[in-house]
Amino acid sequence: MDKSSLTFLFCNANYDEAKTVLFGAPFDGTTSFRPGTRFAPMVIRNESYGLEIYSPYQDKEITDFKIFDSGDLVPNVGDVKAMIDSIASFTKQIVSDGKMPVMIGGEHSLSIGTIQVMAKKYPDLHILHFDAHTDLRDTYYGHKFSHANVLYRVWEMLGDNRIFQFGIRSGDKEEFAWAKKHVVQNKYNTNGLDEALERVKGKPVYITIDYDVLDPSVFPGTGTPEPGGISFHELLEAILKFKGLNVVGADVMELAPHYDQSGASTAVACKILRELLIAICK
Amino acid sequence: MDKSSLTFLFCNANYDEAKTVLFGAPFDGTTSFRPGTRFAPMVIRNESYGLEIYSPYQDKEITDFKIFDSGDLVPNVGDVKAMIDSIASFTKQIVSDGKMPVMIGGEHSLSIGTIQVMAKKYPDLHILHFDAHTDLRDTYYGHKFSHANVLYRVWEMLGDNRIFQFGIRSGDKEEFAWAKKHVVQNKYNTNGLDEALERVKGKPVYITIDYDVLDPSVFPGTGTPEPGGISFHELLEAILKFKGLNVVGADVMELAPHYDQSGASTAVACKILRELLIAICK
Amino acid sequence: MDKSSLTFLFCNANYDEAKTVLFGAPFDGTTSFRPGTRFAPMVIRNESYGLEIYSPYQDKEITDFKIFDSGDLVPNVGDVKAMIDSIASFTKQIVSDGKMPVMIGGEHSLSIGTIQVMAKKYPDLHILHFDAHTDLRDTYYGHKFSHANVLYRVWEMLGDNRIFQFGIRSGDKEEFAWAKKHVVQNKYNTNGLDEALERVKGKPVYITIDYDVLDPSVFPGTGTPEPGGISFHELLEAILKFKGLNVVGADVMELAPHYDQSGASTAVACKILRELLIAICK
Amino acid sequence: MDKSSLTFLFCNANYDEAKTVLFGAPFDGTTSFRPGTRFAPMVIRNESYGLEIYSPYQDKEITDFKIFDSGDLVPNVGDVKAMIDSIASFTKQIVSDGKMPVMIGGEHSLSIGTIQVMAKKYPDLHILHFDAHTDLRDTYYGHKFSHANVLYRVWEMLGDNRIFQFGIRSGDKEEFAWAKKHVVQNKYNTNGLDEALERVKGKPVYITIDYDVLDPSVFPGTGTPEPGGISFHELLEAILKFKGLNVVGADVMELAPHYDQSGASTAVACKILRELLIAICK
Amino acid sequence: MDKSSLTFLFCNANYDEAKTVLFGAPFDGTTSFRPGTRFAPMVIRNESYGLEIYSPYQDKEITDFKIFDSGDLVPNVGDVKAMIDSIASFTKQIVSDGKMPVMIGGEHSLSIGTIQVMAKKYPDLHILHFDAHTDLRDTYYGHKFSHANVLYRVWEMLGDNRIFQFGIRSGDKEEFAWAKKHVVQNKYNTNGLDEALERVKGKPVYITIDYDVLDPSVFPGTGTPEPGGISFHELLEAILKFKGLNVVGADVMELAPHYDQSGASTAVACKILRELLIAICK
Amino acid sequence: MDKSSLTFLFCNANYDEAKTVLFGAPFDGTTSFRPGTRFAPMVIRNESYGLEIYSPYQDKEITDFKIFDSGDLVPNVGDVKAMIDSIASFTKQIVSDGKMPVMIGGEHSLSIGTIQVMAKKYPDLHILHFDAHTDLRDTYYGHKFSHANVLYRVWEMLGDNRIFQFGIRSGDKEEFAWAKKHVVQNKYNTNGLDEALERVKGKPVYITIDYDVLDPSVFPGTGTPEPGGISFHELLEAILKFKGLNVVGADVMELAPHYDQSGASTAVACKILRELLIAICK
């Protein structure tokens, strides 16, 4: 029997031996434009069958690491607060068992669930944030917990200059102005990455990747494709530099697989996740 | 300039003269399986361009009636209660101006917004409900205002034997058992329609059509296609029998246009809406 | 080498021996809603590979008949008059060589090209017309040669009561009124077919099938899907009754294959064409 | 954690207690037209999430039965013989453990693997075969084990008048002639089902359903859509009559989910499988 | 009520105050390969909902400018000359009211309509032309007003060295030879842009952008995808250099949205249009 | 009549005068992930209609060369060995008639058929191999003739250092290790091309292009999209350098057109083939 497609890319360590716990968060209830990221964790697992376990970039196999894929959390349909709470509670358990959480979204708002746990445990937490959008609004259509608020909520937990943003190319005027004072924002590309890595060296780091940081030519399968993004190579090179960082958690968010029927976006999502896991797992 | 595509099928009476007000409710935040009904009102308007204004079935043109298409309500992203309130408030205004509201959904939960207003105004209100699903759960994943609860909420307002269901073929065991005692349920088809029409004659009637009452061969463009549904002719024939009823409001729900790239589902949605409006408008 | 996909279903008699000449007319320049029928002849040939040559309905193989598939006419891009002229000129040649023309459209306006030749040769010509739309406007957006005018143009050639329409369910009010006086119109279905066949018995008959006579559930791959159409069985049964008629020409129009990515519409188009050819070829 | 999507519709009994074993056979290596049925078992499991466990038709829940979903067999890429052997060997194990096998294909040739085991165990085995195609060729393009040969291979095992075919509408001339002498063939529909059920009463029965027996309007998601098929209701009614038969095994074959991006075909496949399991499981 | 989706990106100044008038020209009647650009203006308006009004590239909001979106012209189905005349007549009115016209196509031939008005008003007019194709044929399939002739027609109005072409990579041999003598052609990229801008400084400039100048990886949603095109960044950088030019009119042509179901091409079209408007509006 | 679409881009020399013979090999029976390359030859011919015959890159028309498009070989469904034999036999005939074979795949395993003939005729044969995947396994799922074995099989024929690989970015660990000793492998890009061309100068060269060497953003239409590939420009520039080589045969493999409904991948496939033919034909 071939049950390998039930986990991401043969990440089938058992929970006890695992150092990393992968889980899916299939929720997109506050998506303001085109929904569908709820299907990402399932599709990423299914399609990882087309990918090799070996990375020629890092000369490692993902199965060299003890990773447990725990499947998906039950979705709290229509209630983003409950979903975030459920993520936080599961993250807390992973962390208290001495393991690193890696979440597959789902919409970006869900990162509030993981990061609030990490921020409490690591007061010196720093965030590497790859995204097309600033996500820095305090409220959005009256909301405090939508995909557009996530980094603002994180800023409330961590304070100024803890968030390093890369690839940002969309937001409203006020967000860009606000960002100048409170976060380290790299517009359009990853040019400031080396400097950022220098600054977070040795400190606890959480990495949050909104796949839409990639250009829509590379990654059309997302709710709000935003032209002018970075290439696959740019994102890959960034990830390869994570080796050696003190990464304490990560997530990959916002694949909406139905919008790219060719499967290319899903293939990108899978490969980025493989490289990320090899780069940050111990 | 051709601005006709901005309204549904030339329904461009002005508000004051209008006897019927059409509006869109672009929200799908509690959809439990495949989202996307939020795009229905926009797509229905756009694609109505491919439809004639004349119905050979009723030998009438839709422009014979004074209908004002008021566009879409602003979506309350991620907050179904707020969205229902906003619908209720707009419906109240329409009704107090002496006009009949017709809503284009959006997910089925939104019918709670219109029906609560009608139920208050017409204590003797009866519901004709066309759907694949019972929608009769008190709670669903802890929710009271999702697409799966809508007719239960309506039953709370109106009591036993006010809801006539047609085409029902999916639900859990308890719902079907509960239905036997509290509503008049016609499973799989519209066989009991004539008897139902007899019983509601002269009384205020609200008609709620979940497009998924149609078989997926006719209407694949919906979040949860449920095989074994009624044909286009069966639904059309039901609608033609509404002529002469005392209809005080109506809605057409659950088109998710992206799932049917052929456009056939949208064409069905448009034509059903045209026939419904001609049948119930004064 | 397998060159069979270059002709429709092994219709590869040579021209001289052929009694029937099949040709494609890849043009959709006056389509008012969704274009794309220009691709039909090519796709029908390619996909006929998935179909058997044997009809269990008629217990015959299509290769029992001498049919020459002559490929496609060169499209006169943007000039419907020139395209119709080119079709007329090719039809004239086929007819003068003593063969029967069968055209694969393209938009319905092109039937003017074949029928004008047949009408001149057979003053007593009768038309069996299967369509969702009346196509009976004298002018349409100022046009005299669009898909919406084709049967009116034919009426000008042949006069009253020569056109028998089936499956009609869309048009403007005036067309339906006009039809009552000038053509024999069967709305919605093929109920009047037996009577019509009685009337055209022995007379020269041209059959024009707009595939959109079929319900969109059966045939979504067309520019203007019109719900409420006939089933595959209904159309097939009609075709089986053509056996024994004096058919002098035919066409199958308005497949727009890109709108039905499943290929089901194309499969229907191929099978209808196979059955039609077996039924009318000598 | 929500691991329910890893099995079909909560069929998560453990192997020992199970009376029925469901397994996937993801192989389409001899498909002659459009491949893709290899993805069916995975997609059927994933999408079963949109279906209720309760059947209003049979007033039962699928979880009333002890069914173990064992996942997919490893595909023997490019080698149909090896794949059939692997299916036969797994089937033998299921049967020797006193359980009933139910296979989700994959291409139809794979039924040879299950049926050869059942035929050996039950010399009096009878086959109920629902299909668009005769599948009765001895060889096909030199092949003996393709989808076009499957029932001929079965006939070699069982002899004349053991195979009852329903819905057949495609094949070559010789197959239809051969069928008259060796099998009980119902062309186009299920009209002869009651008589067939009478004849197989009490005898061991294997049911093989090629989903393409359904009309392409209902089920476009298959490699060779064949217009003129039966409706969902017709197939459902047939299945409801299986109750009480001595069914010893079954399969559902030939969903190619990629060709129907709407998901409607997959929904049909899921619901047919739910009803089939409820009807034949003990 | 949310009527913002009825105009492009909140371009809802009233006509009188507006300095720029945006209008759609939904016509593709002479398209020689894959039609569908007629749907572009509608889809661009609808999807602009997913875009911010603020440009971080230019640090401006589009609503800083007075732009009136007048909707679509009525299509002259099947008659390109009439359509061009109708565009010319509307352009004349805009220009005589002292406003700048910006057209959303539709096929490229339609630029003849706007440019003929501008050429008459500004005898010294220069053209910046971004395209994959030369569009420099005098006649094309006998046509003088197809998408393949548009720049030749413009050359007839303006004479040698008034047209600057960028990104050109497709055409016939004669066109490329002819171009060397009559226009300033930059093959494959925008390398010569700075020099061109130097030459047109202070002079009246019309900008015509065929979206297919972009590589198909960035913009697959067009009738004739032509590999080897420029990147989004290259086109964006060109647009940012328009600031300060004396632009008197512009158009963006040849989005065929149906060919890119992911919506990425439409997102590119919207963003290019936003940046263009911010760069050239006063 | 327009029969041009029956050959690739007007490659309609007759066999006797032709110096190059193009043929299709529509087979994908050992594809391990997503099948569908069998449809590539047909679709490439059909869609070449949208491409010019003139290359501005090489300032030549493809019709300057005598190329015969012989159509497709008959597929040996389900039997890769038989298919390879059939290709080898046809290749032998082409070569013995003094012509150069160019194959359009189909899956990559089929290159074994052409190369085994060339290797026998030219003992000094060298291979230029463009691919995402190493394809260097001796066996794959027990297979010796799948797409994953092709270059290993070729190495058996030719020995060490005859195969130059470009763009490789996927394989298992052992393959990459093995490659270091036996082939000249350029990972990720075409950087080592000039050196390779130096080494093969004057020697007989066979060029095998797996289209998936291109990045999925450029070419999503393939069975296993592998992110991180080369751009269209990189591949084009490589091809332009083939001018002057002693090329004795070539192939272009692994377009699976159904996965890219936009048609962009097919357009890339067509243009690459045009440029390749102009570069290597005499």
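Going by the order they are written in, the chains are A, B, C, D, E and F; count residues from 1 in each one.
Note that a residue touches a chain if its C-beta (ideal position, glycine included) is under 8 Å from a C-beta of that chain, and two chains touch if they have at least 3 such contacts.
Only a predicted model underlies this, so the values are computations on that prediction, with no experimental measurement involved.
Path length between subunit C and subunit F in the touching-chain graph (shortest route): 1.
Of all chains in the assembly, those touching subunit A and also subunit B are D, E.
Counting the residue numbers used at the interface between subunit B and subunit E, over half appear in both copies, so the two copies meet with largely the same residues. Among the other chains, C has the CA centre that is most remote from the centre of subunit A. Subunit D maps onto subunit F through a rotation of 180°, based on Cα atoms and reported in steps of 5. The most distant chain from subunit E, with centres taken as the mean of CA atoms, is D. Centre to centre, using the average C-alpha position, subunit A and subunit C are separated by 55 Å.
Centre-to-centre separation of subunit A and subunit D, using mean CA positions: 41 Å. Contact with two or more other chains is made by residues 34, 75, 215, 217, 260-261 of subunit B. Pairs of chains in mutual contact: A-B, A-D, A-E, A-F, B-C, B-D, B-E, C-D, C-E, C-F, D-F, E-F. Partner subunit D is touched in their complex by these residues of subunit A: 1-3, 5-6, 23, 42, 46, 70-75, 261.
For subunit B in complex with subunit D, the touching residues are 33-34, 168-173, 176, 187, 215-217, 220-221, 224-228, 259-261. Residues 28-32, 34-36, 38, 75-80, 82, 140-143, 145-146, 258 of subunit A touch subunit B in their complex. Within the complex formed with subunit C, the residues of subunit B that make contact are 49-54, 56, 59, 61, 215, 217-218, 232-233, 236, 260-264, 267-268, 271-272.
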